[in-house]
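Down below is the structure, laid out as structure tokens.
Chain nomenclature is as follows: A, B, C and D, assigned in order of appearance, with residue numbering initiated at 1 for each chain independently.
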Amino acid sequence: MKLRNLTLSLVGLSLVGAAAGAAGSLVTTAAFAQAEQFFPMLVYRTGPYAPSGIPVANGFRDYYTLINERDGGINGVKITFEECETKYNTKLGVECYEKLKNKGPTGATLVNPFSTGITYQLIPKAPVDEVPILSMGYGRTAAADGRVFEWIFNFPATYWSQASAFVRYVAQQEGGEANLKGKKIAHVYHNSAYGKEANATLEVLAKKYGFELTLLAVDHPGQEQKSTWLQVRRLKPDWIFMSGWGVMNQVAVKEAAAINYPMDHFVGNWWSGSDADVIPAGDGSIGYKSTAFHGAGTGWPVHQDIIKYVYGGDEAKAKENNIGEVLYNRTIVNAMFGVEAVRTAQGKFGNKPLTGKQVRWGLENLNITKARLKELGMEGFMKPLKVTCRDHETGGSVIIQQWDGKKWSFSSDWIPPISEVVRPMIEEAAAAYAKENNITPRSC
Amino acid sequence: MIYREAGQFKTTYTADQAVFPIVQDRWFIAAVAFLALGVPFVANEYWLQVVLIPFLLFSLAAIGLNLLTGYTGQLSLGTGGFMAVGGYMTYKITTAFPDLNILVVFAAAGLISAGAGLVFGLPSLRIKGFYLAVATLASQFFLGWLFNRVGWFYNYSSSGTITAPPREILGIMVTGPEATAEVRYYVALAIVTVMAVAAKNLVRGRIGRSWMAIRDMDVAAEIIGIRPFRTKLLAFSISSFYCGVAGAMLVFLWLGSAETEAFDIVVSFDVLFMIIIGGLGSILGSFLGAAFIVLVPVLLTNAPQLFGLTMAIDLQKHIEVVLFGSLIIFFLIVEPNGLARLWQITKEKLRLWPFPY
Amino acid sequence: MISNKHIGEVLLKLEDISLSFGGVQALSNVSFEVREHEILGIIGPNGAGKSSMLNVINGFYHPDEGRITYKGTTRKDMRPHEAARQGIARTFQNIALFKGMTTLDNIMTGRNTKMRRNFLWQALYLGPARKEEMEHREAAERIIDFLEIEAIRKTPVGRLPYGLQKRVELGRALTAEPDLLLLDEPMAGMNLEEKEDMCRFILDVNDEFGTTIALIEHDMGVVMDISDRVVVLDYGRKIADGSPDEVRTNQDVIDAYLGVPHDIPPDTPPDDTPHANPQP
Amino acid sequence: MDLLTAVFVAPFLDMAGSPVFLAEVVIVGVLTGVMYSLVALGFVLIFKASGVFNFAQGVMVLFAALTLVGLMERGVPVWLAILMTILVMIGLAFAIERFMLRHLVNQEPIILFMATIGLAFVLEGVGETLWGSNVKALDVGIPNASFEVGGILLNEFDLFAAASCAVLVAVLAVFFHYTTIGRALRAVADDHQAALSVGIPLKTIWVIVWSVAGFVGLVAGIMWGARSGVQFSLSLIALKALPVLILGGFTSVPGAIVGGLIIGVGEKIAEIYWGPLLGGAIENWFAYMLALVFLVFRPQGLFGERIIERV
């Protein structure tokens, strides 16, 4: 009975806690000082995808810190940021979004969901809440059509462009598009919204170029892929493209090595080409390739600045925090886009904290030139880009990187997508979405 | 002295069989109703979206599972699958017939999910206990695969994600991005209230008695004339109907869009938790359990900030997970019959209060 | 009160019933009749096949051989719930109440076969469904009055003492208004006072409602007192059938109870009652 | 008609067409099945001795592997790390008995089941707090080369895993049959009351059986962890073990082995020969369906104890 009483009082306590929580969340917003630009951070440092989520989160954190420490903020406006743990789970993602969207003096600057699932959740909410979404190289491909998806940006490339660039790459390697005919290409994909994205594009291209496409789905989490690789072994495809994520990548690379598949014909997409994906397979993974839209490693001035300003010169500490890893570098790019969008918008609205609506304008008028990249210490790290009202993807070129057992390095030139196929598909999908949701596309 | 039934006499069986036979209970319910209706005026969008709407829809799913597991004794881990049926069928029907009232669509999707429940309930004739529980996982995995695989269910969109299109009732937007959290909350509240009352009616009548008879002793139940197979299947289909509607609400009134991952096995476990923490065989318990499972993580997430603590986000999440697990074990140890039982004990004490005997 | 006590036509006729479990012969060629309005006692030592007999009658076991004629129709193998729908109710040797439910609900389950409204009406709980519920509640309340268990109406049966549970179980069987009531050791484990109460109820049921009763009981005194006729089983065979007085003086019966060696090898039938397992 | 051919004829023609490949599929299925059995074994041990359906088994696998890797990363040699991990798992068993099971004696099975899910949360949180959420490569020196025998590709690692599973089962069999503790465990499994009445304390039994399950979890953790790296997803392999469990019966050690083999071979054959027809990734639900269909004919599983209903 004593225990029972204890429980009763616990229940009572938790109710009081709930009330306090309610009160708390109503008043927290006022606590921020004025000259601050708030960046919400939806991260996943725990759960099944934590190994990918940790470098991602660290990259964002370090770049924002760098801007504050080195430049004193964006034109004097300090960056504030808050992490919220999503576990890569869409429901928690929405919770985090709701929690953070009104924080800071002007609300959330922009949201980087870093999960295709969460992006899908937020796409309809963005125009209503007036929070722009930057789903950099993930999320809904159709959002590349800025006329329908005013608030969503997915530059510098989409899954569809990527898949078509992969096909172009294969054509290059095989000595011309004509040689694609009769080739066998397998797509090993994560059986989720994300993994399926490339299928349609590949199917269209298979028809166009006459290669034989096999789709091999791998269920979450992808710990056990023996049957997939047995199928590969029987099929003996000339090329394999993979859209994997999390543990699936590591196992796939390992299994491919175990069946002695030629690793230089195995190309992951840019979410299947991080350090954590290849290291567990040891020497077996040498030669494995993946697409990318930025460099790996720490060979750029921006990394030196991070070591200097964020870690006080402590390179070991920076390494511990994933500096130079593929996913870390990706979020450096991602964070830079956000910061530059704010800077662009400040050009129009003044050097003060900006609202989501103003930042959206900044994103849509973002123009990162080669010169600007040099100023940012990222020359050669990535391709310049220019966003337009109509094109939220900006070209969609990718580059192939290869793992040599120790590090990733570029092994091709920039490969443009097969736009004449992909762009109409994007516009068609966007139009369908507009129709289903009673959206009138902007004209531009 | 506050909670007493002295002086209240019941003169008809109808009065005796009312859901709330005691006057004070009715006052209590009136207060709850008042609070439920008034809450959007004080809560901000975060609370509506993160706590109240999921609380309502998970209460409904918990009622559904409670009918099956708590009342009929058939342990099921397929809740997520049946919710997926509701969610995907609502999408399919409303995009095929955009003019159909969305509530009608919810009901239709519920019926389809009742059909799925019926099919996956068939093995329950032979299989019992944990074997049945694991067998229901077959439905969970199969349905998840089906909605991921077959393009027809998501209108062949490239990613397989379904998005709630805008639909209105009486000129008010209730689904889609334009629908305000308040409106979605009220719609959810209305659905859950009606269905909870219906569930209460079911369990206090013939159907409920035959369910409980099957649960308590299926052999004896059959000998007094209850057809075990029909009774179990009815429980499976009604339960799935509830879960189906809850799944529809999950997509249309809460998340706005979903892929099959939103209905994965974690959902099934969560709902099972709700009915066990809340109380097996109790409609009220379904609400209490849902409140616990929805609210506790939110409280734990916000607790460090409330007390002004700053800690690394991953550490915080880990501690949260540990606390959540410990709380569950703690509750099971202290009151294995659930929160509803605690509530009942409180009431019984209040009845006697201030005299302990 | 009108007394219905006049033995009528044959209600149930069992012919050459044999039943075995994996080589163990529980019943062999048993034949007897149950007549309308009578109280039939079935007695026999442990392992005689008494409970198996009841299980055959209400369809829980299907005999390997033999014929069962109920209400003039020869019946095929059926499920127990079908037997219930044809008016056969029973109680169990080890109480088989629904432990999670109140006395009232337990008794109301006895009315289940008589309720017609489907689940949609029930979910609404309006009009016909409510009316029906109330009608049956009245019927249940009559039984509750009859068995003098008004005070425990809303008590979960799991909390009741043994004797009362037995009474509730009788009530559940009675509310079904059965034509044939099977009682499996209704007085097992009771003290003298409780036994007297139970005897009174059984006689009253038979008297007031005219229900035909077949009962198994170990207490010879009770059986001889209340039965109109007695059937004696031993090792799965019928060894006597007649009025209590006839049976009392039957030499086979005396032998059986005194344990005189049989001509049948005693290794055959084990425990007569596959015991009710309160929580299967 | 085409559909019927595709479902009922073509796959078999396919199998007959290349028997070597079929053999390879079966072998891979067997080897994978063994890995499932390894996880299922942990469930069976605990269910058999205490009637608890321990859903935390998957997380125990993760926890053991995390501890092992964590120790190795800090420079502890492999053998010592394994020894220390075993000690940790025994300590864990004590803690579970002391803080959880002891307070749940005589509760309904479903309550115990739920408590083990609570336990899974606790272990997950504690494990990741202690050792971090990053993926860790586990290298205990198991060879991982592939070689071909008669056109069939075999992997040393898979063979090693199967062999160690066989050894583990043998050790368990010896433990159960030839040691006092083992006999006591079997006595408890047969009849709790009887075991108690001859003076075997239930608490001790619980600690032992959870320790043994922890040890089995460690072996499973090493095998699975070496394959895919040690990280959170490791705990999800429990879901692959459940169909094995229902197929083999909750209470049977041989059932877990045979069940694992049937599920392993069954799902691989289904995925490879029928998967393409249905669009792939069918093996997860197929395993459950296979178990389900099987259960309809034998509700207690392959080697489970028969359920007898009586009145």
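By definition in this document, a contact is a pair of C-beta atoms (placed from the backbone, for glycine too) under 8 Å apart; a residue touches a chain by one contact, two chains touch by 3 or more.
All values derive from a computational prediction rather than experimental measurement.
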Problem set entry | Farthest chain relative to chain A (centres taken as mean CA coordinates) | C
Exercise. Looking at A-B and A-D, which pair shares more C-beta contacts?
Worked result: A-B
Seminar exercise, completed: Closest to the centroid of all CA atoms, by its own CA mean, is chain B
Exercise. What whole-number Å value describes the gap between the mean CA coordinates of chain A and chain C?
Worked result: 72
Seminar exercise, completed: Chain centres from averaged Cα atoms put chain A and chain D apart, in whole Å, by 36
For this session: Could you tell me the distance, in whole angstrom, between the mean C-alpha positions of chain B and chain D?
Result: 32
Exercise. What parts of chain D, by residue number, touch at least two of the other chains?
Worked result: 128, 133, 279, 281, 284, 309, 311
Seminar exercise, completed: In chain A, the residues touching two or more other chains are 45-46, 50, 54, 191, 219
Seminar exercise, completed: Where chain C touches two or more other chains simultaneously, the residues are 60, 92, 96, 280
For this session: In the complex, go through chain A and note every residue touching chain D.
Result: 45-48, 50-51, 54, 191, 215-219, 221-224, 226-227, 230-231, 233-234, 246-247, 250-251, 254, 258-260, 276, 279-280, 282, 284
Exercise. For chain B, which residues are in contact with chain D within the complex?
Worked result: 75, 123, 126-131, 134-135, 137-138, 141-142, 144-145, 149-150, 219-220, 223, 265, 269, 272-273, 276, 280, 314-315, 318-322, 324-329, 332-333, 336
Exercise. In the complex formed with chain B, which residues of chain D make contact?
Worked result: 53, 99-100, 103-104, 107-111, 113-115, 117-126, 128-129, 133, 239, 242-243, 245-246, 250, 278-279, 281-282, 284-285, 288-289, 291-292, 295-296, 299-301, 307, 309, 311
Seminar exercise, completed: So, in the complex, the side of chain C touching chain B is made of residues 58, 60, 79-81, 83-85, 89-90, 92, 96-101, 105, 108-113, 115, 117, 119, 122-125, 129-130, 133-134, 137-138, 141, 172-173, 176, 278-280
For this session: Enumerate the contact residues on chain B facing chain C in the complex.
Result: 12-14, 17, 198-199, 201-202, 204-207, 209-210, 212-213, 215-228, 234, 238, 281
